[in-house]
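Per-chain numbering from 1; labels A, B, C, D, E and F assigned in written order.
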């Protein structure tokens, strides 16, 4: 497709209590752009987590992040050991970045 | 005979809405706002009436009651562990919940006394705020003593307990109320924190009812032991509280409130602390017992009984 | 002459904010919280004043008025279908909206009477709560009778109507208020549910104004028929209500409130029910007419007119 | 990419009124992990759905779900007939699961 | 001597909660709801007391004070630009913040006068509402004059200023309050908008404290100049306001409130306007100085000082 | 995979203040379905944007949109110049549309 750059897309879901740590880690990898969706629920190895349950107060966040391939491997290397402690999941896929906006990757 | 107060009917209608699957829903932001209000208001009111005491006279009595509250989880634990056959983690976590207190149950007790025009000591609020500490610490020790696995994050836990919203707002309310009382500047704040107290409690009980009914299934599945525990244990703890209040020379109202504190159990502060301290405990059990059984038992049946207990002990004194 | 009450000016400023594209926004959680409050408070207030009646005397009158309310959608439907040329689904859905009631319009009517120091029967609230039922059922039958397509989900619809938030909270409020009234324990709850009523209504009307102005465009595009219907139909229904109130021997205030109930139309409960019962109707039309035309007409012009109607009928009696 | 498992990613958008049914269905397929984002709006065959509109009360949810290929075909087979009734959409794509957290797929 | 009011202690506990990293959080919807309430209530109260004036007498005085308020950003700008060495954009944006006003600081001033039973002119509220306009316009001109880059979106900016929530609700409140005052129909709305004012302010100050403590780091990093500016500039502006109030023949309370308006600075309306008008300014600096330094300075130290200033000028007059 | 149509998936993140413009633009391209997630935060060339900060009031939205390949190129062509003004990002990737629901693409 025209006017696009080949990139990797990360989609990370973790508990909100680990978000700060994740953001520090991404910062260290030199990541310059990501998107954060809060108030997310789900099912995983720790069972159901429902942000609408006012008593249990469990909340996940989804972080979506696009970066170039060279950086992607670096993120993978840093993220793997951390995720072991965090739980959650991280998916990686191919995508195209539509050129236009100021580069933030 | 004790008549049921209109405000607790809101709890009934909350439960009922859950049972008949009404689409009634309390927005999360409202629930949280109301709980902030109640904590500040309970603290404020207590602080204002504490302004009439010599604070140094009060502290030793209050301190003893707080420390003695550690006996509650110490009693609950062996029952849960060896009769109820819960895991160490669950038995410890449930103990921490029952050692800890419910500000809303306390508020219902205060309303009960207000309807009877009975006096009680203002510093009971301070006791309530501080009782969290020994209960949660003892519960955690019980849950983790000798257990393998990760180390207890004591630093994080103590931070959570001491700076957690409940304790913080209660204490903040007490201090501001005390200051306002001493300076005789309660006036414009009372329109909010005193006059509206019952109305806010009504809303909150409606939501509590919705929450309780959503927890009932989880409790029922745990069988008859948990239900019996959820009723008999608070009765025992309440008796102990009423006795202690009498021994320490509290008024009848004060003894009854101490019974309520000892009998009530937490479903807000304790779950938050146990999440950090005992992550392998199942919150569905402890919250379910606390909110699904003991809370409704206390506000409908327990509170009048604790009043009779306090009354009975004080009768002896005569 | 009837003066405009300050509280309805909040509606005007809500509309204006929409018109001038102000960034004023009422948080969704506040809107929902206020509407819970209003429903409980309206019910509670009615319940308290019902405590003065022999409940068995009241039920037959109230029942008749509720049943007769089914005439409203039955009249509206042919007008909408054959003069307005709406589809069967839309005509039925709009009929259901106009047969149903608006608790906020009712509240404005109550405030109007309060400003005039006029008495009204407390059980009008119960009539309001129950009027939903025949209106929504009749509207659904009209919308679906003989229509092809999926079967009407009657079970789901009746559940929605009977357990829906509006009816449920109104009835809960009535019961709690009645109990509080009978036991003479209204006292601390009135600070919230009675004293603050007007202030909460003010906020709610501000949001209603914002919502109404966002709906206006949709209504305007439906042409002059819908606007005429939105004004003339409530006038007729109101006249019928005032007449019925007089016939049944209600007070002037009560007759006026019955007129308001018959004239007002729903924009909360009815849309929820029609979404389930008549999914092929376009909610933009029914909500638009109800909230964009009839609601403002009623609170500014209708309410004083219904008062005059009630007054006029009662003049005949003399 | 190292330390990753080839998987399928599902992205389902439906009305919130069908969420419970969807979750039952996923449960029956043996799915052990998913992520739920509520309060979602959009445009589709039923027109605009806006969760901020307090009067119409229409709300979509997005469910993201990663699973192995064998399971993916099962999910597809179960989901297709259900989605006919639900409306909404379901997208399927390839992705890599970054190893590390406890397996919840 | 001036005693600290209980209500401002809520601010202290908000800051403290931030400092000790408590998990206390005010739901966003509550924060927004409280700020809507405060704006309407401040306007309403002012409007009610304006009902006692001949409105035509008041307008020229009020107009002059508003226009003279443009001097504040004109004074602040060169200090910030040439002594503080901020960029043109930042200096202009900060000037706009300090020219603009803080409704909450004003409310604390009003509460201070109420505690002293001091009279003040009701139309000060109108002045507050209108002062935004010259401040934000002047600040924008300063920030953009001769600057390259995109053209200033004057149309969008004026729309934002004139229809922004703060100005709109203040003016709506004034008009409704004025109408209610003139028609003698204040009665049921005062339970909400007057009686609860202090309680709502308490909650709001708690959140302000949380917000202020989250901003402190950003300000501290900007060094000692910004801190000095955040304290000395409002003192100077306050002195000018107190002087002006005296010159224009306001009461002591009114002069003090004018001092408060001139001294206070915005952290809600101004950021919103500057986002549109001067997007290249860094909001962390202007909000940080405004909320992190000047706001707490004003409510604790400034308000009593402005009172002394007004008192002193009025002493001259004798 | 059976019963699926090959499609393109767009994932756009922009500031909420530009959402209306974006929706008009998609409308002009003839797009018949998209999903909108509000209250999104992130990091990009304009720094951190946090929707929970009540004072700065910065909010992003994520728009997810599936369409056929022919339409995709059209969307790319229209979107590129607009995104230059908007900032944010747009990712494009391949996906399969699970047949079943009424076509809204």
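Basically, a contact is a pair of C-beta atoms (placed from the backbone, for glycine too) under 8 Å apart; a residue touches a chain by one contact, two chains touch by 3 or more.
The structure displayed is predicted, hence computed values, not measured ones.
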Checklist line | Length of the shortest touching-chain route, chain B through to chain D | finding: 2
Item checked: Set of chains adjacent to chain A and to chain D -> F
Margin query: Farthest chain from chain F, going by mean C-alpha coordinates, please.
Written below: B
Note to self: Quick check for the class: compute each chain's Cα centroid; which one is farthest from the centroid of chain C?
What the structure shows: A
Next item on the list: Quick one: report the Å distance separating chain C from chain D, using the average Cα coordinate of each chain.
Entry: 40
Notebook entry, point to check: So, what's the distance in Å between the C-alpha centres of chain F and chain B?
Noted result: 49
Notebook entry, point to check: Between chain D and chain F, what is the gap in Å from one C-alpha centre to the other?
Noted result: 18
Notebook entry, point to check: What positions in chain B touch 2 or more of the other chains?
Noted result: 27-29, 32, 196, 272
Check: For chain A, what residues touch not just one other chain but two or more?
Finding: 37, 39, 52, 93
Next item on the list: Chain pairs that touch, all of them, please.
Entry: A-B, A-D, A-F, B-C, B-E, C-D, C-E, D-F, E-F
Next item on the list: Provide the residue numbers of chain A that touch chain B in the complex, in ascending order.
Entry: 52, 54-57
Next item on the list: Provide the residue numbers of chain A that touch chain F in the complex, in ascending order.
Entry: 1-4, 7, 9, 31-39, 64, 66, 93-105
Note to self: Can you tell me which positions in chain E touch chain B when the two form their complex?
What the structure shows: 3, 5-7, 9-10, 13, 17, 20-30, 111, 114-115, 195-200, 202-203
Next item on the list: Could you please specify the touching residues of chain C with respect to chain D in the complex?
Entry: 28, 31-32, 211, 267-268, 271-272, 275, 283, 287, 291
Check: Can you list the chain B residues touching chain E in their complex?
Finding: 27-29, 32-33, 36-37, 40, 159-160, 163-165, 168-169, 172, 175-176, 179-180, 183, 185-186, 188-189, 191-193, 196, 272
